[in-house]
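Same chain, two partners: chain A is paired with chain B first, then with chain C.
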Partner chain A sequence: MKKTRIRLSLFSLVLALVLFGLTIRFTGREPFGVYWSILVGSFGSIKSFLNVLAYTLPLIMTGLGAAVAFQSGVFNIGGEGQVLVGGLASVIVGLTVPLPAPWGYLLALLAGFLAGAGWAVLPTLFAGRNLASLSVATIMMNSIASLLTEYIVKTFFQRPGASNTETMVVNEGSILPRFFPSTQFNYGIFVALICVAAVTWMLYKTPFGFSLRAMGENARAMQQAGLPIYRRTLVAMFISGGLFALGGSIQCLAVYKRFVMGFSPGYGWDGITVATLAMNSPVGVLLSAFLFGMLRSASISMSLTSQVTTEMISVLQGLIVMLVASPDVWNVLDHLLQWLKLRIGHPGKTKGAAE
Partner chain B sequence: MDFWISFANFFASAIRLTAPIALGTLACTISERAGVINIGIEGTMLFSGFCAAVGTYYIGSPWVGLLCGCMAGALLAVILGLLAIYCNGQHIVIGIGLNLFGPGFAYMMMRSLWDTTGISPWIAGFQTLTIPGIASIPVLGTMLSGYPACVYLGFLAVAIMQYLLKKTAWGLRVRAVGENPAAVATLGINVYHLRMQAVVLGGVFAGMAGAVMCLSSANVFVNDMSAGTGFMAFAANQFGQWSPVGGYFATLLFGVMSALRMRLQSFGVATQLTQMMPYLAALIGIKLTGMRMRAPAANGAPYAHPLSMPCKQRGK
Partner chain C sequence: MTQCSQFCDEASAVLQCIDLCKCYGGVVQANDHINFTLRHGEVHAFLGENGAGKSTLMKMLYGIEQPDQGQIILAGKPVTLKSPADAIAHGIGMVHQELMLIPHLTVSENIMLGQEIKTWSGRLKRQEANRQIQELAASFGLDVDPEALVDKLTIGQRQRVEIVKLLYRKADILIFDEPTALLTPQESDALFDVLRQLRNLGKSIVFITHKLREVYQIADRMTVIRHGHIVGTTTPAETQMGELTQMMVGKSISAGRRQPHPIGSETVLQVENLSVPAHGGAPVKDVTFSIRAGEVLGVAGIEGNGQTPLAQALMGLCQPSRGSIYLCEKDITRYSTKQIRDAGMGSIPDDRQGMGLILGMRLFENTLLNTYDEKPFARSALLEDWNAVRQDARKKISDYSIAATEESVVGTLSGGNQQKIVVARELVRGCRLLVAAQPTRGVDIASADYIQRRILDAASQGCAVLLISSDLDELIKISDRIMVLFRGEIMGFVDADATDREALGRMMLGEHV
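And now, the complex of A and B:
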C-alpha cells in the first residue's frame, strides 16, 4: 500500500512536470531550457545549493504543520496567517528581551511557536471540527493576521526612515546564526530536523499520535470509541499551527533579522503543497520541501533574467498539488486508454492510432 | 431627507461592492449543493478576470469579455470536476491548487501578452445602466438604478438559480446528490455527470464574478485584485445556509461592512482595523450559524459507486 502511494505520488509529479512543460511552451518559452536552468541554479555551485537548502527550511516547517493537521483529519489551511503571526511574535520577543545567544533565539522561537499555535486554536474554537466551517474560519484568520501584523508593526515597531513596513533589527542574541555569512543557510536546519524527528516519533510511536491518526482516518468511529474528538482537534491544531509559525520565525530571525511586511511569498500555502506531495509523511516532507525549495530559489535567483518567474512556480505547484491530491488520475487515464483502444480497434498501437 | 439620500448612496455602494462576491457565493452554493467543495473561487476569479480583460481588450466589447470570463471559469471548474469527482481527489486541496494555478497562469500570460507584471492596459468596461422611469424618483432611483449592466445580471442569476435549485427536477437531483449520492444512483442517475454539471455551472458563475470584478468599476486587471473576495464568497455561502437567496443576503452583509469601512476611514480609524471588519463578521457569523448549520451531508466526500464507476477500483 505504502509503495503504491509513493509510486502514485511520483507519477503525478512527472505528469505535472509534463503538463507544466506544455504550459510554458504555450506562453512561448523553451521548457527544457527552464528545467535545465532550475537544475543548474540549484546544483551549479555549493553556494547556490546552500541557498536552496535555506529556502527549504521554512517549507519543511510549514509542510510538517500541514502534515500533522491532515493526518489528524483537520483542515488547517490558515497556515499563511500562522506564519505571519509566528514571525511577528518571534521578532517582538527578539526586540524586547535582551538575552545571550542560545537563549535569545530559543526564547524567540518558543514565542513564535506559541503565537502560531494560539492563532490556529482560535478559529477552531469558533468553527469546531466541521470541514467546511473550519476551512472558512482559518482562511478568515489569514486575512486578519496579515492586517493585524501590519497594524502592529506600523503603530508600535515601525523602523523610522524605512520606506516599507518593517521593524528594527532584533537583538544580537536573538539572531538565528548562519553557517556561512555569504549564504542564507542557517541554524534553522537543526530546528527543522528536530521537529521532523519529534513529529515522526509523536505520530508513529506514541498512543497519542496513534489516536490523532485514527481520528484522521475515521473520526466518527473514534468518537464512538470514546475519544474526546473536540479536544484532540484543538491539540492537533495547536501543534500544526505552532509548526507553521516556526517556519515564519526561522525566516524572520535568520534571513531578514527583522519583520518585513510581506516576507512570506505564501509559505503557508506552500506547506499544504509540500505535505500533499509527501503524502503527509513527516520524512517525506523533507524531500518534497527540498523540491519546492529548489523551485522557490530558482524563481527568486533567476527572476532577474526572467528565465523562471514566480508565477511559473505557482503554476507548477498548482499542477502538482492538484494531481497528487487525486489518487485515481492514473486509473482514469488507464480507463481512457482502454476506451480509446476499444474505440479504434488497434490494440497495442494506441499512440499511432490516436493521431 | 438628507439622511435618506446618504442612506441611498450607502446602499448603492454596498450593492456595487457586493456584485462580484454574490456571484462567487452563487458558484460555491451550486457546487456545494452537489457535494463538491470549491475553495478555488479566489483563483478562478483572478483567472477569469484576466480572461475577461483579454477578451474586452482585443475585441472591444465588455460582453465578449464577460463571455470569455465565464468560459475561463468553466474551464477551471472542469479541471476541479475531473479531479475531484472522477478521480476521487480531496476537494479542498484541489481548490488550493486552483488558487495557485489560476492566477499564476494569468500572470504568466499577462507577461507574454502585454509584457507587464502588475497591471493591464485600460479596458472599456460596462456602462452604467439608467432605468428610465425609476431613475427620476429621488431616493429609490439611487438605490435601484444606475448600476453597470452586469450587476443586474447578478440579480437575475441569483433568482434563476433559486428557481432552478428549488423548483425543477434537475435542482432536486442536484440537492439530493449532495445529501445522499447512493440514493440518487439507485434511481439510475449518473452521480458523476450530475455533479460535473453542477460544478461547471458554478464555474461559469465564478467566471462571471471575475469578469464583473474587472469590468464593472475598475476597468483594468490588476494583480491580486480580488484580495480575498473568493474566500469571502466561500464564507458567505455558509452564512446563507447553502441557498442562493440566503447567500445573496449574506454577501450583502459583507458589502455593507465594506461600505461602512470606507465611511469609518474618514473618521480616522486605522485602515487595517477597518479592513478587518468583514473577516471578523465572518468569524462571528460562523460561530452563530454553527449551532444550527445544515451542510449538505455528502459535502466534500468522494463518491464511488460500484456500477457507475468510470474507473477501476482503487488499489488494484
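And now, the complex of A and C:
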C-alpha cells in the first residue's frame, strides 16, 4: 500500500511536469529549455545547489508542521501566521537578550517555537470542543498574525531610517550562522534534521505518537477507546504550530538577521503542499521540501534565462498538489498510462527531469 | 432437496440467469457460474450469509454491476442491463435495505420522481397524480396516503411507499434486499401479507434474507448461495430448517439457548433514573436497572429508541442530563471514558467500522487502541514495544481464530473477522462489565456464533453483560433477562427463558407489561 502511495506521488510529479510543459508550450516557449534551466539553476554550481538547500530549510520545517497536524487529523491551515509569529518572537529575543552563540540563537529558536505553538493553540481554544470549526479559526489567525506582527514591529522595533517595515539586526550571538558567507545555507539544517528525526521517532516509536496517528485515522474510535480527543488535539496543534514557527525563525535569524515585513513568500502555505506531496511522512517532507526549494530557486534563474515569469512556478506547484490530492484523477490517468505503456514502451524524457 | 434444473420450467420462467460470473479485482470470485430461474408469480427467497454473493447477484440483476460472463434472460430474450434505469425499463425493481426516499417530499412526490405527471407547460398535476397513485396502491391492497410527508412515516409505511414506487414504474419483478432488517415482528408479518398479495396478482418476487424463520413464512421456493456458488434450490416443504442452515454455512451450528450458569449476587452495574439527551432518535428517559455479575441483560427495541444514547452514556461518550451510574458501587456518572474503562468497563460499539476499528490501520494497531499506553506495550513514554504488540496480536488471532495476520489492514477483512478483533480487544482486559451493542450485526453465522460464545464465556467468568441487539433470536438465545426500550423508556423486563416473541414485539411497539 505504501509503495503505491509513493508511486502515486512520483507519477503525479511526472504528470505535473508534462502538463507544465504543455502550458509553457502554449505560451509559445520551449518546455525543455525551461526544464533544463530548472536543473541548471539547482545543480549548475555548488553555490546554486547550496542556495537550493537554503530555500529548502524553511519548507522542511513548515512541511513537518503540516505533516504532524494532518497525521493527527487536525487541519491546521494557520501555518503562515505561525511562521510570522515565530519569526518575530525569535527576532525579539535576539534583539533583547544578549547571549553568546550558541545560547543566543538556541534561546531565540526556542522562543520562536513556543510563540508559534501558542499561536496555534489559541484558535483551538477558541474553537472549543467543536473541532469542525478549527480550520476556519486557524485560517483567520493568519490575517491577525500578519497585521499584529506589522503593528508590533512598527510600534516597538522599527529600524529608524528604513523604508521597509523591519527591525534592527539581532545581537551577534543570536544570528544563526551560515556555512559560507556567500550562500544562504545555514545551521538551520541541523534544526531541520533533528526535527525530522524527532518527529519520526515521536510518530512511529512512541505510544503518544501512536495515539496521534490513530486519532488522525479515526477520532471516534479513539474517543470510544478512552482517548481525550480535545486534549490530544491541543497537543498536536502545539507541536505543529511550533514546527511551522521554526521555519520563520530560521529564515529570520539566518537569512535576514532581522524581521522584515513580508519575509515569508508563503512558507506556511507551501508547507501544506510539501506535506501533501510527501503523504505526511516526515522523511518524505525532506524530499518534497527539496523539490519545492529547487522550484523556488529555479523560478529566479528561469525568469532570467527563459523569459518565463516566476508565477509559472506556482502553476507547477498547483498542478502537483492537484494531482496528489485527487487520487480519482489519478485512477483515470492510470488507465491512460497503462495504455501509453503498451503503445510507446517508455514514458519519455520528462521523467528524467523529475528525478 | 432437489437440484432444480434450470431448463425444466422455461414456460413459467420470467427471469433466468445462465452461468453468471462476477469477479472483483480479478481475484475474488463473488459470483461463480450462477444459474437461477425465477418463475412467474412466486416468492423466491435467496439465502446466504453476509459475503456469500447475494448482493453481487442482485446488483447484476438491477444493472448496478455488469456480469463478466453469462447471460440474463428476461421473458425468453437475453438482455443487457447497463444501469438501474435499464433494469426498471425492463420491469425489474428493487427495494433496498436502506430505503431510497426523500424524507422532505410527500409520498406521491417520491413515487413520481423522474416520471412526473405534468401539464404541457411542465406543472405538476398534483390531484391527478394523487388519484392515480391511490388507485394503483389500492389495486394491490396497499394503503398509502399520497399527501403524507415521508419524514412522518414509520419504516414499515416507507417500505410500502417503495413498493408502490416500483409498481408505478410497472415493475413485474420485485427484488427485496433484507426488507425485514429494521422491522418489528408485527411489521414483518404485515409486509409478508403484502408480498403474498403481490404474488397472487402475478408479480414475481425475489426476497433476500439470512433469517431462516422468514423463509418458511413466505417463500415458495428458496435458493441457497455460498461462497459465490449456488448450493441448491429447494422448497420449504422439502427441506428442514436445520438442513437449510447446513446448506448456508456448510457445517452444522448449534442452535438453541445457552447453558444456564450461576449468576453472582454482586451488583456490577446500577443505573438509577438515568436520562440522556440524544442527537436524532429518542433520548433516554428516566431508566433504572441493574446487572449482577455473570448476568446477561438483553436490551430489545426497534433501533433509535434510546439504545445508542444509553450505551454512550455508560461509556462516558455523552453526558447524562439526570440520574447516576454505579459500577461496582462506584459512582462513575461523571467519569471520562478513560476512567470508566480503567474502572473495568469494556465496550463493543454498534458502529463497528466508524467507532470500533480504524479501517486504514493494521490489525496489530487495532488491537492496541485501548492499551497503547499501558505496559507491556508501552515500555516507557518514549518507546512503544512493537514486538510485544505484534506478539499479543498473534495471540489474539489464534485465540479468536481470526482469519488474518497481524499485518493485515483491517479494512480489507470480512465483517466477522473485523468484529472478532473488536471483541478480542475489549474482552481480553478482564472487564467487569461489557456493553455489547449489535455485536453480531453484519457478521457471518459462524463468526456470530463464535462471538456469542465468547460473550457467554466472559459472563460465566463473572463479567456482567449489557447486550443491545435488534436481533430477537440473539437476545433470546444468550440473555438471562430482556429489557425492552420504547422511545427511551423501559417497557418492562422479561425472563428470556419464558418469553414469547409476540409479547416482545408488542412491548417494542410501546405496550407496557
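Please note the rule applied: the second predicted complex is superposed on the first by the 317 of 355 C-alpha atoms of A that agree within 3 Å, B and C clash if a C-alpha of one lies under 4 Å from a C-alpha of the other, contacts with A are read in each partner's own complex, and residues count from 1 in each chain.
One rule holds for everything that comes next: a contact is a pair of C-beta atoms (placed from the backbone, for glycine too) under 8 Å apart; a residue touches a chain by one contact, two chains touch by 3 or more.
Given the structure is predicted, the values throughout are model-derived calculations rather than measurements.
*Asks:* On the A-aligned overlay, A:Val169 touches which partner chain: chain B = first, chain C = second, or both, or neither?
*Replies:* neither
*Asks:* State whether A:Phe75 touches chain B only (first), chain C only (second), both chains, or neither.
*Replies:* first
*Asks:* Based on the superposed arrangement, let me know which partner A:Leu114 touches: chain B (first), chain C (second), both, or neither?
*Replies:* neither
*Asks:* Is A:Leu15 in contact with chain B, with chain C, with both, or with neither (first, second, both, neither)?
*Replies:* Neither chain B nor chain C is touched by A:Leu15.
*Asks:* According to the stated criteria, A:Leu106 is in contact with first (chain B), second (chain C), both, or neither; which is it?
*Replies:* neither
*Asks:* Who contacts more of chain A, chain B or chain C?
*Replies:* B
*Asks:* Regarding the shared-chain residue A:Met222, is it in contact with chain B (first), chain C (second), both, or neither?
*Replies:* A:Met222: touches chain C, not chain B.
*Asks:* Could you tell me which stretches of chain A are touched by chain B in one complex and by chain C in the other?
*Replies:* Residues 1, which sit in both footprints.
*Asks:* So in the complex, which bits of chain B are touching chain A?
*Replies:* The contact residues of chain B facing chain A are 32, 37, 39, 43, 79, 82-84, 86-90, 92-94, 96-105, 107-109, 111-112, 228, 231, 234-235, 238, 270, 272-273, 275-276, 279-280, 282-284, 286-287, 290, 293, 295, 299-300, 310-312, 314-315.
*Asks:* Which part of chain A faces chain B closely enough to touch in the complex?
*Replies:* Touching chain B: residues 1, 4, 23, 27-28, 75, 77, 123, 126-128, 130-133, 135-137, 139-144, 147-148, 150-151, 154-155, 269, 272-273, 276, 306, 309, 311-315, 317-323, 325-329, 331-332, 334-335 of chain A.
*Asks:* Please give the residue numbers of chain C that touch chain A in the complex, ascending.
*Replies:* Spelled out, the residues of chain C in touch with chain A are 315, 317, 336-338, 340-342, 347, 349, 351, 354-361, 365, 368-370, 372-373, 377-378, 381-384, 409.
*Asks:* Once bound in the complex, which stretches of chain A touch chain C?
*Replies:* 1, 201, 205-211, 213-214, 217-218, 220-228
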